[in-house]
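Next come two complexes, and both contain chain A; in the first it sits with chain B, in the second with chain C.
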Partner chain A sequence: MTQTEEYDAIVAGAGHNGLTAACYLARAGLRVLVVEKNDWIGGAAVSRSLHEGWTYSNCSYVCSLLRREIVRDLDLPKYGLQVIPYEGGASFTRDGGRFAYYSDADALRREMARLSPRDADAYRHYSRAIMRQCRFIRPFLLRDAPDPTSLRPRDLGELAYLVKKAHGLGRRELGETLRFWTMSIGDFLDDHFENDLIKAHLAGSGIIGTGLGVYSPGTAYVLLHHYMGDIDGGIGAWGFARGGMGAISGALAAAFKDMGGTIRTGAGVERFLVEDGRARGVALSDGAEFRAPVIASNMDVKRTFLEHTDPRDLPDDFRSQVERFKIRGSSAKLNIALDRLPDMPAAPEHASFIRGDLHASESLVELERAYDDWKDGRWSARPYIDMLIPSRIDPTLAPQGAEMMTVFVQYAPYDLYRNGIRSPGNWTGEARRAMADAVLDQIAVLFPDIRERIEHTEIRSPADIEREVGLTEGNIFQGELTFDQLLFNRPVPGYAQYDSPVKGLYLVGSSAHPGGGVMGAPGANAARTILRRETSGKRMKGYAA
Partner chain B sequence: MSVMNDPALGLIPGPLHDRLEPLSRAKAWYGWAGYIAPAVLDTVEFEYFALRNQAALFDISPMHTYRVTGPGALAALNRMVTRDAAKIAPGRVAYCAWCDEDGMVIDDGTLFRLAEDDWRLCCQEPMLTWLLDATWGFDATVTDESDTLAGIALQGPTSFAVLEAAGFDLSDMRPFDHREVEPGLRISRTGFTGDLGYELWMDWNDAVAVWDRLWDADPRGGMRAIGSHALDIARIEAGFLAAGIDFQPVHATERLHRGQTPFELGLGWMVDWTKGHFNGRRALWQVRDRPRSRLLRVDVGGFKPARDALVYHAKRRAAGHITSAVWSPTAKRNIALAHVKAGALDRRKPDLWAEIYTAQEGRWDRRMARLTPLAGPFYKPPRARQTPPART
Partner chain C sequence: MSGADAIVIGAGINGLTAATVLVRAGRSVCVLEAAAQVGGMANPRIAHFLYNLSPLVRADLGLGRRDWPFATHPLPSVALDPGGRHVVLRGDEARLAGGGTPPEANAWRDMHARLTRYGAVLRQLAEAAPPGLEGGLTSAAGLKQMLRLGWFGIAMKRLGRRDMREFMRVLLSNAYDMILDEMPDGPLAGLLAADAVRGGAVGPRQPGTVLSLIYRMGHGGAVSLPAGGMATVTGAFERAARDAGCRIETGAQVTQIVIEGDAVRGVETADGRRFDAPLVLGSGGAAATCALAGPAHFDIEAQRRLRNIRARGTAAKLNLTLDALPEISGLPADLMGARMVLAPRADYVERAMNAAKYGEISDAPVIEMVIPSLTDATLARNGGHVLSAIVQCAPHDLSGGWNDAARDRLRDRALAALAEVAPGLPDLVTEAEVITPADIEAETGAPGGHWHHGELSLDQILTLRPASGMGRYAIGPNGLFLCGAGAHPGGDVMGLAGRNAARAALGAEGGR
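Presenting the complex of A and B:
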């Protein structure tokens, strides 16, 4: 016996974008059901308690991109969301050297001058160039990407906005912008700086989550993508969600339920039900069926259309474009419970950067080598790590005196090479432990006693992230953030406005414009499109800059 | 020959200056009742977040404090404040306001009942002569403790854990409770942040020892000493009024008609008509439902704080002004307190706008932002009232 219930809209996947879309749809008066395959909600924005007394943000781990318009609109602080900025960071070398990044401009200039007086001054020019690009791109985040081939007034309007903003830059700045969107972060940093360690520190944001090296074209944009967020208007600032990243999903879910929405966990979408080219509902893995005229998929574009949609309901060229969509797993994650703060001999006592992002890569060359390993199907012998100890700031994550450490690891391939075969199946327990060992060696560059401090470690390979979170190949952005997959090309040309060849089936996740990160923008933009196209008279306000 | 400094001039150090001075990276001091007080010690942002996420220490010693004792103290104080002081039991403290004979607010503050006939009033303005006048004819003695009683505010979600680690068991202390925890040291569950928090009261000369005890106890290493800027954000979020900013203490105004009644300040709930006569009662009764203006808590459109902005009705007619404004990093709202003329509030949905000036890299601009009146504080975490309190 199957149960069938009618809703106005069904959201497949309770990730932060799915929940954001669900909130906006529910607020417009729709009866909305969110279905989630896991027993918990949040997708990649989760807080999990995997070791008694500790809470891990075991997937995404820091917050900046979450649009403040959405937070304010949905009044997420009322539902328990508190975002706390962290300060600075540092990179360490094997011979005991370091570069500390301070949020205080004078302290930063003095620190850079210690390594290179020229770079200290160059930083002003570098950050101006980045901020100009941020100012240009930020207004597009909460707008739909225009369809350049369409003559609909809405598309023409959006296109005119884009052209106007681009024209306003002037010839030289427009040239810079195009260069910036297509160049490598390595080249961009080489343009500005001479010191290897400073460059290595700044390059990290250009490769996080992406299957590209520091000298691969397009990584400058990836850096921008990590800079264009803000905390309370401080552009480029990053922080923690108090209680872990699950606080974001939790607040969205609480807001959604307050608006009368329903969340059903423990069974994911097996199949999108399509009749006469139109979405009609979902069939879940536990046999339940729900019907609705609007289906919003928070899954990435590949999972949505290649795994859960009948191929007969999709045009061949669309399917092959989706197959070609680049969504490569490049990162792994270690979440570590520490019995106390490890010793940091290379830093002075009370150093503020212990509360920031810590790294152990010395040069762009080293980072490029780390990428070479990945291309060959191996994890990097000396991986790039983006490591934080959020319990230094957030008191809710670990027992008093103990600490929680989150370590983002790059690079780690999805299809690991072993004995002549590349396969995600090669991520055995032994392989994961061996990778973790390489990571701990990197951590030991700044925390030599790290291994003695460990109470518990969660190791997540790209294959684990795919299996548990559902992100294809474990790609954290639901698809590479390269220029060929951005704006009106995201995810595929012709379907960049959250829609698909199946009427009523929409994408609301990071595979859609403007892409990945815990941003909420794809979910909010998609909800706006859905309300405009699928309802009469239910509208969501725009966020014209 | 150069001009020599007259040692009588300038600000003087308070009881905790030796602790605050080395912590000051910003070197941003201001004068509070003649004492050197920190506006910012490190950065406003991180001080603010220590306050809202962990714990913060703030020196409140420059507050004016007065002791009123004697069998007639209750009767005298009850003739002074608008609330019924008889309802404040020993071991309790209440937020109070008091008015002149025209019903205009002189100041607000906290009134502690230390024992049956022993009271302490903490307030922003000097109040000795008014207290002496108020107690005239009553069997009560007034002592000015302003320069002998020190205070430390410990506020934030881990404040209870810090006190616990410092050896104080306050798990049963409810909001607005206070008690002498050790000879010469009193702790109250009070504060100016709307969050979980405590205030510690001790002799001026004991302040450093108490400060050190808290400083060394912090079990998570996240506590910070903070300056007034960070505290000010929190107090606006809590919707609390600052004397001289959100209202004009009537004794401090030279111009006529600058005073405001409790009703105009949203403090009408503190006026107790049933308790008998109190100062300003007759005047207040006359105007109880005829406020000339009202102090509103408003949500401001956009992201730019409406600091010092004028308020307009329907974007055209001047209708008041903003008194305090800030972007709330916790509520994620643009918030403000606004004095608005009663005439602009007659309609069901007032059409209010703030005229905000912006300066961006040398270019000035003007923005009209919609004001939406809100009821209640902008931020009110449940942990503020929970007993026993949480440790995080």
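Presenting the complex of A and C:
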């Protein structure tokens, strides 16, 4: 049976960006349909019960980047979004040493001074530099990237805004800013600190999710990308969504439905229907067809245009640019159900950092070697792990007394090397277990008895993440955050404002400016563009406008 | 005690260029060089090619606009392949050494055209002091700078919209992706990747390496061998300076830059002499120049920035004396005199450069070499041949330090790598001289033995070179200028840093 229904707009993919765009479109009065291939919504912001009694946020796992303008516009707390800030984290060494990071400035200073009095002094300089950069960049997140080759008033206006903000930094600060944006996090940390463990702890955010090493230029910006979030007004603060990351998607979906939107799960877009160079609707994998003059794709740029759009509807040049867009899988994920909290001999009892992010990398060199493994198609022998036990903060995630642990693993290649061949097909069950073993060895640095505590483990290679979530190569940002893929270059020069060569077909996912992280900015920005270009007189309302 | 209008410290290519520009503008100039001979890193033991020298510098120095005052031999480049399918590059043309056209030929023609076009745009920036951030937009200097940026903008626009977009995308990208997007991995890709990282402490996958490749192609990318070797080139620079009326003293080690009040008064040398001058231009590293002046004359922020300049040389020089010409299977004899690059694949280069990060010598190094005695018989010795090779990676900060055992290790690894394409070569070696980055630093004062006196990375170019706030040659007290490769636009035998610095110094005179 073929059904054809008419909508004002169809959103392909119910990830957080798709839902954000859908909300803003519905709020402006459009009839909006969201279609999702999985039986559940959320994309990479999900909470799933994969082992009885335990809830896994099995992709993204922490929250802070979600733009507060969006939270306010859509009134998400009303729909159940509650974010609990956490107070720090720690890194551990093989010989029992540790560095704990506290959000309390005095505690942090004492801890740093314990390792290096010089670094404790340097931290003030460092954190001020980072915060200044955060403040500089945040206003740009909810704006469109100007096209520097265009002379349209809108682009010139955006360009002028950029120049004005840069000029406002002052001469000295502008120099520091240019330098910061182009340098590596490793070099930036080497500039400031002497202690290896402190540097290793701070460096992690510069590489998470990317195909870059700590000494690759541009990773200082990636660090910023992870820091520019805020919770309760505190820049750089991180938190958990109560109920797991699915709470964010859940709140967005509830808000959307409240505005009269429709979500249809269980069948994804097979093909975008294009007639005379204009999007007309979508054909789904279960045979259903829906028509609308506006289609917003939450899929990444490669999936949208290389897999689900007829090549005849796209200029060759555009297709080859999309083919060149780099989306590299570099991270894996372990979700672990624990029967109880494992022992932590290197930490004092009731240490607050147990509720934060835990790591086992000792130096920048170790992190760089982990990257070299990845370049050659191997998972890192000593991977960087970003590990959390969210059930310590949110007990609803695990049964009484038990714990739920989430481990982000960097680096794991998408096309694993084996017997002379690099292919995602090499991620066999055996390979995944061997990778998990390397990760557990790292976890054992903190928790020597980790293996005895495990009830269930979900191992997700980049190939698994691609298969389930639909992110190409399992890349969490829908595309590398490198200079050649940011701002007006993201995803493709000339189409950086959410549009495409097909009229009415828009990108709302994090392949578009300003990129990934559970931020919602691409979705909100794209909705603004859609309303401006596709409707007469409808404008986006709210803080994000 | 003797005096001049300006003192230049160091008689390398940039120091001599700066001095000559000043002399030709009517100043009396004295160049003080610590070593026994002029030339700095263009010393024939260290450098072997001429490829990036700016026509502007030549014109300003009277070294001819089109023809050099000495003979040069343009060399093709050969990308060596252990399998014998060597690729020969002549300008934008790629051919197989054994005859025929390699599959990458078209991709190379397009890329060559594009990169030289981009190089011409960027050259505008190299040929003047970088845009400064001081003074504001309303001052005369500010307006002049805006005008220059306007020209740059127009040059970008003239690329056309499509090319301009590609330029802005690729500029900050990494060479590895750019190359492999257009051609399969192989010897040609390897050669380009190697050219993108030569002299630096980065691998081709590092963002910013496209820029260093374009930098190399800024003057077309053609490589030539001067008749008589690099000594002829340094000699020509020295003669240009002397003919213009410049005084050059070798063996004169400057130990202090004399500063009174907030202005430079001259320098003192190790033998206790004092030279008075209101202008001093240092062609050594920024940090070394500041140390000569004394830390008291720089604010603490400037000192912190100087300390953080990254300058870790990774290129060692290997000079071999051979008792006969080696054979490279698949390479015709007439190509043995070419510039040969051993970097069979781009990922080979990436792996070779990994070692830089850990202070190790590469197991399988990237080698650029030439047998100059084939082209220029005057360079041959006792009927044999000489082979000059640049070997990467051999980091300045080798863990364990550079000693004879480490030098031997470097030589052996380089010979083992060369034996892959020229199996008989190791047996022909009668003498081998290894010059490590540490040796280069000791001999020439170049920080870290680095080709550019500081990594040419995105955070150390233009206004940020050598460090933020010091990008326009003047540093610290009045009258003190940087004129070496550590300043914008960087090194290679290019001469622009010296020329730009001299012009900045002349411009500043009027202001006081």
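Operating definition for what follows: the second predicted complex is superposed on the first by the 539 of 545 C-alpha atoms of A that agree within 3 Å, B and C clash if a C-alpha of one lies under 4 Å from a C-alpha of the other, contacts with A are read in each partner's own complex, and residues count from 1 in each chain.
Assume a residue touches a chain if its C-beta (ideal position, glycine included) is under 8 Å from a C-beta of that chain, and two chains touch if they have at least 3 such contacts.
Given the structure is predicted, the values throughout are model-derived calculations rather than measurements.
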| item | value |
| --- | --- |
| Overlay on chain A: chain C relative to chain B, clash or fit | fit |
| First, second, both or neither for A:E368, with chain B first and chain C second | second |
| First (chain B), second (chain C), both or neither touched by A:P77 | first |
| Included angle at chain A between vectors to chain C and chain B, based on C-alpha centres and rounded to the nearest 10 degrees | 130 |
| Partner chain(s) touched by A:K541 [first = chain B, second = chain C, both, neither] | neither |
| Which of chain B and chain C A:G401 touches, first, second, both or neither | first |
| Which superposed partner A:K164 touches (first chain B, second chain C, both, neither) | neither |
| First, second, both or neither for A:R242, with chain B first and chain C second | first |
| Touched partner set for A:R312, first chain B, second chain C, both or neither | neither |
| Comparing the two partners chain B and chain C, which touches a greater set of residues in chain A | C |
| Shortest CA-CA distance between chain B and chain C [superposed frame, angstrom] | 22 |
| Interfacial residue positions of chain A with respect to chain C in the complex | 148-149, 171-172, 174-176, 178-180, 182-183, 187, 190-191, 212, 215-218, 324, 326, 365, 368-369, 372, 375-376, 482-484, 488-489, 493-494 |
| Residues on chain A engaged by chain B in the complex (per definition of touch) | 68, 71-72, 76-78, 82-85, 87, 103-104, 231-234, 242, 391-396, 400-401 |
| Touching residues (chain side chain C, partner chain A) in the complex | 133-134, 161, 164-166, 168-174, 177, 181, 205-208, 304, 308, 310, 347, 350-351, 354, 357-358, 457-459, 463-464, 468-469, 471 |
| Chain A contact footprint on chain B (complex, rising order) | 43, 45-46, 49, 52-54, 157-158, 161, 219-222, 303, 327, 329-333, 379, 391-392 |
